[in-house]
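Order as written gives the chain letters A, B, C, D and E; numbering starts at 1 within each chain.
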Amino acid sequence: MDEAATSQALLEVKGLKKHFPFKQGIFSRNAGVVRAVDGVDFTIQPGETFGIVGESGCGKSTTGQLILKLMEPTAGEIRFQGQNLTNVTGKQIRQVRRDMQMVFQDPYASLNPRLTVRNIVAESLKVHGLAKSDLDDQVEELLNVVGLGSHHLLRYPHEFSGGQRQRIGIARALALKPKLIICDEPVSALDVSIQAQILNLLKKLQKDFQLTYIFIAHGLPAVKHVSDRIGVMYLGKMVELASQEALFQHPHHPYTEALLSAIPVPDPTKRKERIVLQGELPNPADPPNGCHFHTRCPYAKAICREEEPVFKQIEKGHYTACHFPL
Amino acid sequence: MTTPLLEVKDLQVRFQTDAGMIPSVRDCSFTVNPGEIVAIVGESGCGKSVTSLSIMGLLPDYGQVAAGEIFFDDRDLLKLSKKERRKLRGNEIAMIFQEPMTSLNPVFTIGNQIGEVIRLHQGLDQTRTREKSIEMLNRVGIPHPERVIRQFPHQLSGGMRQRVMIAMALSCNPKLLIADEPTTALDVTIQAQILEMMKKLNQEQETGVILITHDLGVVAELADRVVVMYAGKVVEQSPVFELFANPKHPYTRGLLQSIPKMDERREELDSIVGLVPNPLQMPSGCAFHPRCPLASDRCRGESPALTTLSENHTVRCFHA
Amino acid sequence: MSVSVEQAEKGTTIEDTSQPIQTGRRWIRVLLKSKTGTIGLLIILSVVLVAIFADVIAPHNPVATKAADRLMPPMWIEGGTGDHPLGTDNLGRDVLSRIIYGSQISLLVGICSVVVAGAIGLVLGLLSGYFGGWIDRVIMRTVDSFLAIPNILLMLMVLAVMGPGLLTLILVLGVTNWVNYARVIRGEVLSIKERDFVRAAKSIGSSHTRIMGIHILPNILSSFIVISTLSVATTIIMEASLSFLGLGIQPPTVSWGGMLSDGRQYLATSWWVATFPGIAITITVLGIIFLGDWLRDMLDPRMKVNGR
Amino acid sequence: MKYFFKSLLQVIPVLFIISLIVFILVNVTGNPVDLMLPETATEEDRANLIQALGLDQPLHVQYFRFLKNAVQGDFGESFRYNQPALPIVLERLPATIELAVTSMIVATLLSIPLGILSAVKRNTFLDVLITGGAVLGKAMPNFWLGIMLILILSVTLKIFPVSGHGTFLHLVLPAITLGTGIAAEMTRLIRSSMLEILGQDYIRTARSKGLMEIIVVNKHALRNALIPVVTIMALQTSTLIGGTLITETVFSWPGMGQLLIQAVNTRDMALVQAAVFVIALFVILGNLLADLTYRYLDPRIKYN
Amino acid sequence: NSGGSGAVGNEKVLTIARGADMVSFDVHNHNNTSTEAIHVNMFNYLIKLDENQEPQPDLAESWEQKNDTTWEFKLKENVKFHNGDPFTAEDVKFSLERVAKDQSLLEHTSYKQIKEVKVIDDHTVEIITHNPDPVLLNRLSRLGSSMLPSKYIEEEGWDQFLKQPVGTGPYQFEEWIRDDRVVLKKYDDYFGEKPKWNQVVFRAIPEEATRVGELMTGGVDIVENTPPSDIERINGNEGTHVQEAPTQRVMMLVVRMSEGNVTADPKVREAIELAIDNQAITDNILQGAGTPTRTRVTPGTFGANPKLYDKYEYDPKKAKQLLKEAGFEKGLKLTLSATNGRYLKDKEIAEMIAAMLSEVGIQVKLDMLEWSKYNEKYQGKKFDELYMIGYGNSMFDGGYAFERLSPEVAKGETDYNNAEVEKLLEQAMENMDEKEREQQYQKVQELVAADRPHIYLHQVKGIYGVNDRINFNPRLDELIIADDIELK
């Protein structure tokens, strides 16, 4: 088919959906579904950083886990390096995961408290039979890469600070020399002064190892800092996708506009009138009809309530799903 | 000059734990004037919450104020009886906490929880309490307050719960409101709503506010004055414009430079090296010296005192 | 003055400002701080030592009867002698020696049955929690069924059928108690399963066995140890109850439960026959519970050890 | 109501498994014939009896017959009483429930205040006293406590009747005996649950409102602390009923205890089966009740 | 129905506490003496035995043996069942033929000798046996031969009878709460002497301490199976005392004699008997509530041999000597099975015997079993060298005592087979000459005592705790007949 087009893309996501049935009572009748991810498309080129932003619960993490096949998608297609992952299972999926890794949000929960740093990092090598006789050297090298030393090898996670733990998590992800790393809010749990250290480290590693990142965050400044292209999600859907510059300079979706406006600027001289959205994020189990955003949209018209806008390109490389793009 | 509403002087707080004595606040002094928003910033664990809990008188029983004075309306809070302090709480001094998800009691209705404080301090009857609760919820921008007062916390979103907390805190027209990271757990769009609302309420009610946060953006948006804390000590204090324009303490400077800016994009951020010190093993001298690019031998051996630079700007650094 | 990552690492400052106290030593320090924990440990240590060295310590043969010496009171009461410090029972056997030997059986029954229960419960709980689905449903319904039949009734039925004996007793206590483990461990597994480090393990391609063995098992071990400790206490009491129903350890084997149960006929006339084994049980259970509580405080990351 | 119905549905597989457990247990027993026959019976007598009882058929046939009958409430005839087993058991159920419920009340009345007190006064002498007492209560086997109570309060002080059933006074000693162990367990639980709750954010909120400590504890903390306790209490129903077996024996309480012990000892399996089912149902019912309480206490459940 | 108020609450209520409940009101379908102890107050036999075990009229006025297998009984007139039905010959036929013919009944084995009951007229019946039966009168005066209301049962059915039993006795049924109590109330139309009590309550209190507690607080008038250790306490307590009386129950060790067992050697068996100090057991464990014996036929039972009663052989030295002779110098090992809680102090006695045997060099492996498990082994004849058991004799006849030594029964049990004993027993079985029969039995006892298939320990005494307000004389047959008991 169009082999040529896709062969360039590292990752291609088409119509990705994940609906969680939620259950009621002990007897567990399915009472409905949470549309955590409800039709998301994007492609990622090798070497780029793709940022995903959106409010809590909009489906960012779910998207990340779907790509890694940590859960089965309800619908949609994921192609990684040209290989369709839809029906890949068992052994094969483990093979695929060698090239895709994840860095988690909470450095406190993502490291097994009962394993030493050495074992945490070595685990992936052992699982894939990559452990050589000089396993300790391999691990040490990885630790050095993320800025930790060999004297940390035999310590347990609780003996480290959050920033250090996040480094361990990154070392673990790097161990298999993956092509793609999904960073699920890697700095949200860290102190401001430490965030910068980690962001710098991630950027450096990308250069050194030709990594591709999916960078999930709800802090826009951090996303902007690292990403080449950014997708904005709202209630399980991608509402805007553009290059970093385009998105920040000229957002087309009202939600993106509001999001940008809502960020407090750390400069008291620039206090400004902001667009304050009314209302809360609707319940993903019961999303509004039409455009999901219409309940909070300052520009909503009748059609927004009825018809769901399609996600389409309106400038080169700039996509949005809005009836009345700005 | 107005007399300050709150004056914290040389506050020291310690915790007695199995791991040993933790000196969590070591030297903290600042003032809050009526109607003023004072922001306290600093990294996790630097003692922001402990300071505010000391003002409230809500330290756990194994934590104690080891030294210092807290004047509120010319009374030294630390000398008041438990009962007198209790009567101030919720009435003249109120507090909003960081975690809206866990700060409301899950088993009581919103109405019950707001009404409780109104009845307690204002002695209103049931119907008046209800009316007042609804009025308060209205003021913090909650739609359908009549319905909300019959709901339980889990039925509300995080932003709504934080509004309820604010309504509760403001329901007795406190003179001082302590907001401990009121928006950290919220999404940006919701944070914007809450911040707008707080600003408005502060202007209407002339309430003195202590705003604790580590988001300098929030500080820049809201605060009149900023207190920067590091490792249990106040390291810099100044009006907000002055601080952002002219930070004196190397820590403050590092902090300001390490946040990614929206309007510029650099390959690499400036970051403060090293880690926040462990309260059990405080570095000698200036607690910041291991991370400070300016550190000298003096910094390692001697702890700097708070020096006044200009009328409203104090800093704790030998190099400032 | 931008400082790169490398510089940061080279600087001395990234070195942990905190030198973590060695886990082992911290435990001992905390143990000594907790009075009840220390007491518990001391009690259990002494009971274990007494059990191991019963042959050496016991002044008399625990089953040697002597009609003439029957129901002698403890030495501090008129009529007692130093030869039988805690008096004798209705067959003239030395109460102290019997208590000393009884500790062997009580501990044996307690520990072995807990091992049996723990093994079954651990495996089933792990499978149930990890795999979920029909495995979980079958196991949990079985657990519910066992929970709906009172333990003692189940034991009564089995023991009446198979006849009381040491091995049967251990097995029965084990088989009836596994549900507690299965329930708690399943719960733990369910919560640990959702933790990011398990996701991380999956994302690096670990197999199910590896995830269960390396990532989940070590993390439920602490709850496992805590339930086990407390189960030993329950078991010792349960053995006494079974003795009351005539289904406990059978003579001539000496057990505390058996002594307590036999001695109950003499509570009004010769109180010491039942009282001393009762005290032995109480103290041991006390010790175990103290130790268990302390272990729980130590092992449960949610229970922060605060205060004095 | 819908929920209740669903829960009832869920009881079915449980009862099914129970029937299997019971059937297996009963059929490893060998057969009850030996116990029913006099010491002088002949082989022929035995064979006749075995046939009369249907014990010569293959196991699965016996099981399905058993299951079919059990569903209709027919557990067979009690060998000892020559009467259908179920009515005999049901006749005894009220006395057992009376004892169990009273003991539960005693346990609750004892453990809630004690648990709260020791949590609030954590690490004080009072706390040590209460926790120590709780451990003691747990360590005392029921039968021993029962006999001691009889010796002291009945025989020596003559305050309560020794045994039997009928007046309120008769209920006191057995209820204390049975309730003590449960109370001990619950006190410990309430204490730790309370300690956990007292560290929660919303307790800090309550205090920040200036509420009196007593209201903070008894209103805000207690209600939450009871939520896990209710679950544990439900789990204790089974222990409680198990405890009646022994307590009833000691106090000669005319509940199911003696009936059941005698039935097991004489291999009166029809009676045992009926009793186990009735008890299991009662325990399950107790759990459902606890579940409802749980729902009442914790509004979060209703919503989802 | 308050529990402890029997004696204190009401003068005319007699309360008796026992270890276990009665079994059933189906008089034919139980084999339990303590159940009979209740039934005797509600039902009557045709004949009752007096203190000397002599037959006396009960429902039968007179009787006469027509030939070897036929007996004629004249019945009392004007006897009425509790429901008002008159007692007639039909009832006799109904009652006896049921137990004689229905094989599923537990008492059937003791009544299958009866071939037929013939109704001659309303108040005359003939009982015909298959073979000559010298103990028929004993049979008719014991459990299983209570007279039942045929009309009531035929009309209302057995279930109704079991729910609301009806007899001819001085007390009628009021209520039965299983495993708790049986309550009887006085029957005013009783044909004999007026009942002495308004109500008789039999309570089941399994726990000894509770039972004794009830007695001491005045909750009950009589407690059965009082633990010997409480005798002093009860006597010391104001208002209560202990009464002891012999029963026909004899504790014994049953010995496996077949080849391959160490006990096949008569010297070993003798050594075992010599090693056991029966007096020490009765004195210390039973506190005097037992009499050593070397026979199972104790005074009061037909055929008792006084030479073997209140005797025991204890000589550990000789026991060791015998073992040496038998080639067991280095000692030997054997297993002793015993019940736990079935007989008075059985567990202690077994433990004591084990200890005594070990003193002469016999290492005993004690196999303590709870009754039902024990019974299973017993029925399956699965014991090893020794087991301890206590046999009663409800027939009060020597013949009954040796049933278990007949070769068929003894097979796999004792494997006892002594031609002389067998011959004597066979003869005695159908011997209608009392004198000769008695001698035959006495001879058997001597032979058995020498062979030691059973090693007898002691005759058990009943220990009763009694409230001082009543006069109570315990009976040899362990029955409690309310009207024999009176207020002081």
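Criterion: a contact is a pair of C-beta atoms (placed from the backbone, for glycine too) under 8 Å apart; a residue touches a chain by one contact, two chains touch by 3 or more.
No experiment lies behind these values; they were computed from the predicted model shown.
Peer 1: What is the minimum number of touch steps required to go from subunit A to subunit C?
Peer 2: Contact-graph shortest path, subunit A to subunit C, evaluates to 1.
Peer 1: So which chain is farthest from subunit B, going by the mean of the CA atoms in each chain?
Peer 2: E
Peer 1: Could you please state the distance in Å, as a whole number, between where the Cα atoms of subunit D are centred and where those of subunit E are centred?
Peer 2: About 38 Å, centre to centre.
Peer 1: With chain centres taken as the means of their Cα atoms, state the distance from subunit B to subunit D in Å.
Peer 2: Computed from C-alpha means, the inter-chain centre distance equals 52 Å.
Peer 1: Just curious, how far off is subunit E from subunit B if you go by their C-alpha centres, in Å?
Peer 2: 89
Peer 1: Taking each residue of subunit A in turn, which ones touch at least two of the other chains?
Peer 2: If we look for residues of subunit A contacting two or more partner chains, we find 161, 164, 197, 200.
Peer 1: Touching at least two other chains at once: which residues of subunit D meet that condition?
Peer 2: Where subunit D meets two or more other chains at a single residue, that happens at 30, 143, 147, 151, 155, 249, 265, 267.
Peer 1: Multi-chain contacts in subunit B: which residues touch at least two other chains?
Peer 2: Only 268, 270-271, 273, 275 qualify.
Peer 1: For the complex, give me every residue of subunit C touching subunit D.
Peer 2: Answer in residue numbers: 36, 141-142, 144-154, 156-158, 160-162, 233, 237, 240-241, 244-245, 257, 260-261, 264, 267-268, 274, 278, 281-282, 285-286, 289-290, 302-303, 307-308.
Peer 1: Along subunit B, where are the residues that touch subunit A in the complex?
Peer 2: Result: residues 43-44, 157-160, 187-193, 195-196, 214-221, 223, 240-241, 244-245, 254-256, 258-262, 265-273, 275-276 of subunit B touch subunit A.
Peer 1: Can you tell me which positions in subunit A touch subunit C when the two form their complex?
Peer 2: Residues 65, 68, 70, 93-95, 97-98, 100-102, 104-106, 109-115, 123-124, 127-128, 147-149, 155, 158-161, 164, 169, 172, 175-176, 197, 200-201, 204.
Peer 1: Could you pull out which subunit C residues touch subunit E in their complex?
Peer 2: 63-65, 67, 70-71, 90-91, 160, 163-164, 246-247, 250-252, 262, 264-270
Peer 1: Quick one: which bits of subunit E touch subunit C in the complex? Just the residue numbers, please.
Peer 2: For subunit E paired with subunit C, touching residues are 208-209, 212, 227, 229-230, 232-233, 277, 280, 283-285, 340-341, 347-348, 350-352, 354-356, 366-370, 372-373.
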